[in-house]
Structure formats: structure tokens, C-alpha cells
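In the part that follows, the structures are each spelled out as C-alpha cells.
Shared between the two complexes below is chain A, which has chain B as its partner in the first and chain C in the second.
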Partner chain A sequence: MARKLGRTLSDDLGRWTLITLALIFVLLPIVWLAIASVKTRNAALAIPPEFIFTPDFSAYARIMSGGFLGAFQNSLIIALSNVVLTLVLGVPAAFALTRMHGKVQENLSFWLLSIRMAPLFAVILPLYVLFKSIGLLDTPIAVSLAHLTLTLPLAIWMLVTYFRSIPVDLDHAARLDGANALQILWLVIIPIARPMLASVAIIVFIFSWNEFLLAFILTSRNAQTVPVAVASLAGTMSFDWPLIAAVSVASMLPALIFVGFAQRHIVSGLGSGAVK
Partner chain B sequence: MHILERSNLVLRSGQYDEEFNSMVAIRLEGIRKAFGTVEVLNGIDLTVEDGEFVVFVGPSGCGKSTLLRIIAGLEEASAGELFFDTKQITNVAPAQRGVAMVFQSYALYPHMTVADNMTMSMRLSGIPKKQRRIRAEEVAEMLQLSPLLDRKPAQLSGGQRQRVAIGRAIVRNPDVFLFDEPLSNLDAALRIETRVGISQLHRTLGNTMVYVTHDQVEAMTMADRIVILDQGQIAQVGAPMDLYHHPANAFVAGFIGSPKMNFIPVTEVSRGKNSLRLALSTGEEFELGLHLTHDDQVVLLGIRPENLKVDPDGQIAGTVTAVERLGSETLIYVAVGDATYVEKSTSDISPSIGGSVRLLIPDQPVHLFKANGQAIAHETILPPR
Partner chain C sequence: MVKDWRFWFVIPTVLALGTVVAFPTGFLLWMSTAHWVVTEPGVYFNGAQNFQTLFASSAFLSATGVTLAYLTLSTAIMVVLAFAFALALAGPHSSGLLRALMITPLVIPPVVVGFTWRFLLNGEIGFIGAYLLPAIGIEANLLAEPLGALFSIVIADVWSRTPFMFLIFLAALQSIPRDYYEAIRLDGAKRFHEFFLITLPMMKGAISVAILFRVIDALNTFELIYVMTKGGPGRSTQTYSLLGWKTAFQGFDFGAAAALGVVMIVVTTIVALAVFRRFMRGV
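== the complex of A and B ==
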């Protein structure tokens, strides 16, 4: 008993040490960023760093005056529309892939995954030419559609795995109750898969919100997103470090709010009780 | 707690009463089903009469569930036709066939309450919520589910979920009830209780019911007629006791009855007008007072455990390997050469394990089979010993 207790105690100690180290590793840069955002330009660059200083919130005021609200608006439109498009297209696609059987479905699954296998650089140039030819360059739609090419296969892949775990007897029961395929999807599958839909939404939103390369190539001024705007602050001559830090800190807020909202739908055990 | 303790309530209720006597006969003609190159059903011809309780029974993979799903419309037949009364329904959608099905897994919608689960079909037909609730309450009362109407399936026990699944079927007022091994997930006591309940449900509602099981006890106790399936074909159709006493072949003889029938390989030595002399693989010979009406050679002798007797005058010598005392009866396992035969005795006498005994084969009832497994017709001449 004493030996078991001792082992549990040392186990706990090890676990907590690991968690603390991981937390420091993850949170330290964010804390450092938050501190830098309320320093003056000189204080932010001082070596050794100053730990005692008078907070200066002027960088946050400069977000408002410096035209960054447009970037926030673009990022929000792109990320939310990408979430909606991914789910609207991905859910029926995954449903069809799991519930309909045939050669087409098998080949489609592989084709969808193969898009994810292509390196991003191989996709960017064709996308640029395509959007240019249809006059969509430098619009949120272009970035959102470009993001969709990457998030849709991922979402379908995640949803297919989840839908396969939903017993097909539920579809049969619904068919006998008089439901057609769309009603089965809407009334049975989607409510059961809500936790997975929320997870997919979170992953897609975070991807779209943070994505830099596609947004950088496909936008110039009008549809600039937050990551691109932050990068553009790092000029060769000037370097407004507190402003970069303030924009970065502010950019975390919408993502945090979205994740917090979506996470409420991830209720474990929702699917239990369906069978047996 | 019986499924239908208060079934009369349903009969009195308005809507149900009007539609109560809608029954149909099911006719299957040359039904075949193949999954790729695997032939699962191999030409099924069968008629289930109006209001009949028919049980499909057979070992795993015999095609019984597939056949039920074809009747439900969940599976498409590769060939053949299906009729409800005179109406061809081979290509009719499941919901339009007037069938309700209880699944082995219950298949309850986990995100819906018991009431919503039971009335999903009404919701899809556009019936207002208030009416749906009334119907749910009516059926819930019949199945003693009233206090559970607002719970979700995860909050119910296995038996309660099972009753909800049956309730969902009743709500639909179907012409035909289909059951796909509905008791397999219940414990032994609940299984017997529900078995009795479903039989009662059939007597009360009078609908045509088709029930699939691999459990021959369920088949024997519930069915008006049993359909025994073997490798995608009907091995025999008949009333339970008819199958028990007159199996058409060795497969049916072995499948119906517990413990299963003893099969003794024999060689025909001689055949008189009223006698049949057989030899065991050990060389021992014995005579049965039978008159055979066909020329087929007997290669297998079948005797039910309750007809085999441990008797000093018996024809077969063997060694007792096990004795199971079940209270009302005792099962004695006797090894003869490589085979083991079972004797079911209602007496308290039980030989000791390892002891030598002799087994007596009576003149009747015995079952004779030819090389292809088909039963050989015979008449018993002598009175039973």
C-alpha cells in the first residue's frame, strides 16, 4: 500500500512537472508578446529587457487608427466563410462517401486525399493565374476559396472517419420511418455528429485565421488578412515592435471567442445509447 | 413486467382501432441475393399467411437477416419478386411498404427523447407535435414506458431500450412487423420475459409478423411456422412440433431440439419386410422393427436424447464421460468410439463418470437418413419397447 502510494506521488510529481514545463513553453512567448505590446518602442527593444515599466497602450490605439480594422474584417470574413463552405460541402460529401458504395466513392476518397499530398507551392501558382483570369485577385473570396481547397479534403477525411462510427442501422431505421437521404443526414447524422462538426469548425477557423502564404500571394491591399498585415509592419527601415505585438495579441481574441463558442458543442457521450 | 400488460388500451384508442385489422400475406417468389460473387440467398419461395407469426431460423450466415431486410426494402433482391397480398412491392420504398422493424441493435436515435424516437415516422409524415405526443403516450402506456417518455436512450436500460424499439414499431400501425434478432442483447431472464411479451403482442394485434433468430428455443416457442434456412436455401418449413417430429433432413433434425439429436453412423446389413438390421462402426449389429417404404440405403440414424436410454439390454456399449444434473432432468454423455451421444433422463439415477454403460436404441421414434442427408420415410411395426 505504502509502496503504491509512493509510486502514485512520484507519478503525480512527474506529471505536474511535465505539464508546467509544457505550459511555460507554450505560454511564455504569448506573455512576452502581451508585455511587449504595452511597452514603448525603445523599451520593447531594450537589452537587457526591462521588467519594471509604465504600461503604454498607445500601440492598441494605433491598431484603430492605422487601418488594421480592415484586415481584421477580411480575416473574419475569410475564416467564417471558409468554415461555412467547408461544412456545407464537406458534410454531404462525407455522408455520401460513407453511405454509398461503389468504385466512384473509392476513387473519390483517394483523389480527395491526394490534394493534401501536393505541396502548397505547387498549388499557389495555378491558383494565382486562375483567380487573376476571373478577376478575383485581392478579394476575400479568392483567399477563402484557396483555403477551401486545403480545408475541404481534411474536413471530409475527419468526417468520413466519424460518420463510419455511426451505426448504419440508424439510417435503416430512419428510412423505414420514411426519411429520404437528406432527411437522414439532417435529422439523424448531423445531430449525432455535432461534436465532430464543432471540432472541424475549430480546426478550419484556426487554419484560415492564421494562414499566411496563400493570403500573402493572393492579396495586395484590399483583402489583406491579419497575418499579412502584421508581416507588412516589419519593414526594412522601421520596426514598430509594440504595434506588431499589439496586433498579434488582438488577433488572438476572435479565434479564442470562436473556439470557446464552438467548444460548447463538443459534448462527450452524445452518441451513446444508439445501439445496444 | 410484460410488454402488453395493458394492451387493451391500444385497442380502445380511436386511430389505432380503425386501422387495426390491416394484415397482409407476404409472398416471396424466387428471391435471390448475391453480394459480388457470394450467393447469399439461392431462390427462396415462401408464403407467409395473413396474421401469421413466422420465424426465420438458421446458423450464422444462412441468409435469414438478408431475407428479412429484403422484405423490409432495406436490401434489394438480385432476382425474384416480392408481393404483399397481390401487390408487387419488389421496388417499393421501405416506408411505403407498411412494415415496421425492430433491430437487433435497437437503432434508437441517441439525440432524441423516447417520445421523439417513437414518433419519428409521424414527424416525417408532417403530423403535428400535439398528435404525436398523444400517440406516444398511448403506446408508452401499453409498454409501461410512460415515465420514460422524456428521457434519452442513453438513460435507459437495455430492456427499456428494447421496449422503445418495439414501441416505435407499434406507433406506425404497420401491416407487417419485422424483428431482427431483437432479444440477442438482453440477459437470459429478460429474454424469456420479452419473448412471452412479443408472443402476446402478436395475439393482441394479430398482425403478420416475421421474426429472425439463431436461437431455436425462440423459434420453437414463438412461431406459428418456422422457416429453417441453410446456406441461402429453405431447408424446411413447418409448425414447430412438426419440424421436431418429422425433420426433412439431417440439418433440420440437428438444428431443432436441445440438446441436439444424436446422429449414429450405420451400415445397412439386411432389410426384411418388417425389420431393418444395421451395423455400427464398431461392428455391433442390431435390429429395428421398421418397415421402409423406399429403397434408399440408410447411412445415418438419428435419435433424440430423450429417446435414447441407458439400459443393460442396450445395443451400444460406451463409457460415461460427463453427467449434467439440471434438476428436472439429467444429461448423460456417453462416448462410443470417436463419437459422444447424449441421453436425457428424467430419473435421478445417474451412472458414475468413467463407468461402462449400454445405450438402448428404441424402434421409435428414430430418424433414418440417406447419404445426401434427406430423411427416409418409414413406418414403425413393433410397439415401442
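== the complex of A and C ==
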């Protein structure tokens, strides 16, 4: 008994040391960024750092005057339209995939999986040429469509795992009552799947909101997203760290709010989707 | 088939992904065999010329080395950390709040991650680079030195991407039946027996999937490096994606960039096939 207790104690000590170190590693950059955003320019650059200071929110005011609102608006339009497109296309496709058998289902699943694995850079160059030739370069539509390459396979992947867990008997019962496939999906499946759909929507939103490379290549001025705007601050070299920090903090807010809401679903959704 | 509802449910997705992925990939293959320099007139077929030039260029050679070093180093660190964190937080008593905190980096835009670490590691104004490291006797401007810059990127990437691996491992750990451990414990097994006889073998699938995703993710890493070093100093952090972007949008050689894109597809396919063959039969 005493040996067992000793083992548990030393286990717990090791465990909590590890967790504490991990938390410091994870939280330090976020906390430091948040602190930098409410310092004055000089205070943000001071070494040794000032741990006690009066907060100064002028960097957040400079977001407004610095022309970043347009980028936030673009990102919002792109991410929201991408969520709608992904769900409208992905939900029926994922449902049909779980109600299929044999070669067609296998080949389709493999195709979707291989798209999820395609290196982004390989898709970008042709997409750039394509969007340029039809005059869609530097528009939110182009970025939103391009983001489907990432979000649609991801969403279907997660949804398939979930739809499999809904018994086929439910479909049969509804069909006996005279419902067609669309009605089954709309009246039976979607109401059950609502929490899962919400977390898929959130994950898709975050992917689209955070994505840089496609948005960077496909936009120049008008449709610039927040990550692209943040990166372009690097080129200015004015070293307005508080401003960069403030824009960064603002750009993390939607994702952080969502994670607060749907932490459980993100953990189970991304985790199980990746394993199964 | 056309009468089948499933056909109509799937076809919009097939068309959409065909337009934004399948067609572009085919187009890329064609581009890779073309002489296509945006600043020069004329686009014409020139066979394997792009590939020959690419394989002979010193930029490609160094990018291969950098990509491999970055990929191996970051993956190794991530697997170890993610496994340790997952083991520490897999128990039935660990709270949702802890897990939520652990996965926060996953939802922060990589551009912001890059900026933050560049800020933290800066040798003149950074909290770590100019304050913590000198305090323990390390005086180095990491981002200005070739090896230091590569290591900085690995640190930022580990910070940003370990949570995803952590999630995969957590899900896998929690799906191992408790009885296995109880059974082996009755036989007098010690902690390390449990780990090597049950945990590790049961996690093989998850580890290989995680590594597969990681390799794909690492080949796609762009903005982190773009923001932190732009591939420098010199070529010391210039990976395939950085080289591809420079070739296409600074050198305007679309043909050569497309050839590099094809190389990246081949590398991904080889890794994916290797993992599938070994661990994912029948999935």
C-alpha cells in the first residue's frame, strides 16, 4: 500500500511539473503579445522589460486609423462565405458517403483524402493563373473558393465520422413515412447533427480566417485578409511593435472566442477525425 | 446511377474540388514541362528542361537540405512533446480547461505566431533573446545566425503545431481499453512495462498518422518562415515552399516553380504511401 502511494505521489509530481512547464511554454508568447499591445512604443522595446506600467491603449486606436478595418471586413466575408459553401457542399456529400458501399465509396474517400494531402504550393500556382485569366484575382470570391481546397475535405472527413454513428434505421423509418433523401437529410439528420455541424463550422471558420498563403498570393490590395495585412507590417520596418501586437491580438479574438465555446467539440472532432 | 440520390448529393462537391484542386494539379503537370517566364514573351513546351535545371541548381540542393533538417528536427521534438503532454493529460481527472489552454496555439494565425516569436527572440528587444537568454549566459542574436534562425523557426513551429499532434495522441490514448492495463498490472508489471507493452504498440497507428500529417504540414509551412526570416540569413531557412514562392513571384519563372511543385507532390505521395502500406491497411 505504502509503495503504491509513493508511486502515485511521484507520478503526480512528475505529471504536474510537466503540465506547469507546458503551460508556461504555451502561454508565455500569448501573454507577452497581449502585454506588448497595451504598452507605449518605447516601453514595448525596453530591456530589461517593465513589468509594472500604466496600460496604454493607443495601439488599438491606431488599428482604426491605420486602415486595418478593411482587412478585418475582408477576412470576415471570406471566412463566412467559405463556411456556408463548405457546409452546403460538404454536408450532403458526407451523408451520401456514409450511405454508400463498395468501390465507388472507397474511391471517393481516397480521392478526398489525397486532396487533403496535396501540397498547397502545388495548387496555388495554377489557381493564380486560373483566377487571373477570369479576372477574379484580388477578390474575396477567389480566396473563398481557394479555401475550399483546405476546408471541404476537412469538413467531409469530420462529418463522415459523425454521420456513421447515426443509425441507418432512422433513414429507413423516415423513408417508410414517405420522405425523400433531401427531406431525410433536412428533417432527420441535420437536427441530430446540429452540435457537430456547429463545431465543423467553427473549425472551418478558423482555418479560413487564419490561412495565409492562398490569400497572400491571390490578393494584392482590395481583398487583403488580416494575416496578409499583419505580414505586410513586417515590410514597413517602422517597428511599431504595439501596433503589430494589437492587430495580432485582434486577429486572434474570433478564434479564441470560438474555442472557448466549442473546446470540447474541437478536441473530439479534430482528434477522432484524424485517427479514424 | 443518375437516378440515385447519392449521386446528386456528391456531385457538387466533386465538381467544386475538381475545379479548385484536380484541374489545377493537372495544369501544374503541364506547366512543369513548359518554358514559361512571365517577363519573357512566349510559352512553349520544353520537355524535362525545367526539372534538369531545378535538380542542377544550388538553390534546390540547399532547399532540400533545409527542408529535411527542419522537417526531421521539428517532427522529432513534436512527437516527444505531444506524447508527453497527452500522457500527462489523458487521465480521467484532467480538466477541460487545461486541454483548452494546451490547444490555444492551434487557433492562432501562424503569421501572428511568427511575429510573436520574432519579437520574443530578437537579440535587442526580445524578452527571451535579450533578457532571459543573456540572464543564463547565452548572448546570441538567434535570428541573425544560420543555425540559430533554423532553430528559431523550429521552436515557433513546435509551439504552433504540437497541439494538433497532442489531440491525435490524446484521442488514441483514451481509446485504449483500461482492462489491458489492469490485466498486465495483475501480472506484476511495472510502469515502463505498461508503457512499452501496451501504450506504445497501441499508439503505433496514431503516431504514424500524426507523422504523415506533420510531413504534409511541414511541406506547406510558409508564413512562419516568411515572417520570421524570409528564408534567410542567406539560404539557411529557405525551404521548398519559400523557394517555390521566390521562383514564381520574384523570379517570375512559372515553369521552374511548377517543376518544384511536382517534386513536392511526389515527396508527399511517397511518404503517404509508405505510411499507408505499413500502418493503415484496410482503412
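The rule is simple: the second predicted complex is superposed on the first by the 226 of 276 C-alpha atoms of A that agree within 3 Å, B and C clash if a C-alpha of one lies under 4 Å from a C-alpha of the other, contacts with A are read in each partner's own complex, and residues count from 1 in each chain.
The rule is short, and it goes like this: contacts are C-beta pairs under 8 Å (C-beta built on N, C-alpha and C of every residue); 3 or more make two chains touch, one makes a residue touch a chain.
Values in this document were obtained by computation on a predicted structure and should not be read as measured data.
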item	value
Touched partner set for A:Ile156, first chain B, second chain C, both or neither	second
Which of chain B and chain C A:Asn210 touches, first, second, both or neither	second
First (chain B), second (chain C), both or neither touched by A:Gln73	neither
If touched residues of chain A are counted for chain B and for chain C, the larger one	C
First, second, both or neither for A:Phe95, with chain B first and chain C second	second
Partner chain in contact with A:Thr40 - chain B first, chain C second, else both or neither	neither
Chain B and chain C footprints on chain A, overlapping residues	270-272, 274-275
Touching residues (chain side chain A, partner chain C) in the complex	7, 11, 15, 18-19, 22-23, 25-30, 32-33, 36, 44-49, 85, 88-90, 92-93, 95-97, 99-100, 108, 112, 114-115, 117-123, 125-127, 129-130, 145-146, 148-149, 152-153, 156, 180-182, 185, 206, 209-210, 212-213, 216-217, 226-228, 230-231, 233-234, 241, 244-245, 248, 251-252, 255-256, 258-260, 263-264, 266-268, 270-272, 274-275
Contact footprint of chain A on chain C as seen in their complex	5-6, 9-10, 12-14, 16-17, 19-25, 27-28, 31, 81, 84-85, 88-89, 96, 98-105, 107-113, 115-117, 119-120, 124-125, 127, 130-131, 159, 164, 167-168, 170-172, 175, 191, 205-206, 209-210, 212-213, 216, 219-220, 222-223, 226-227, 240-241, 244-245, 248-249, 254, 257-258, 260-262, 264-265, 268, 272
Partner chain A, residues of chain B touching it in the complex	69, 72-74, 93-95, 99-101, 103-111, 120-121, 124-125, 152-156, 158, 161, 168, 172, 185
Footprint of chain B on chain A - complex, ascending	167, 169-170, 172-179, 183, 187-188, 191-192, 269-276
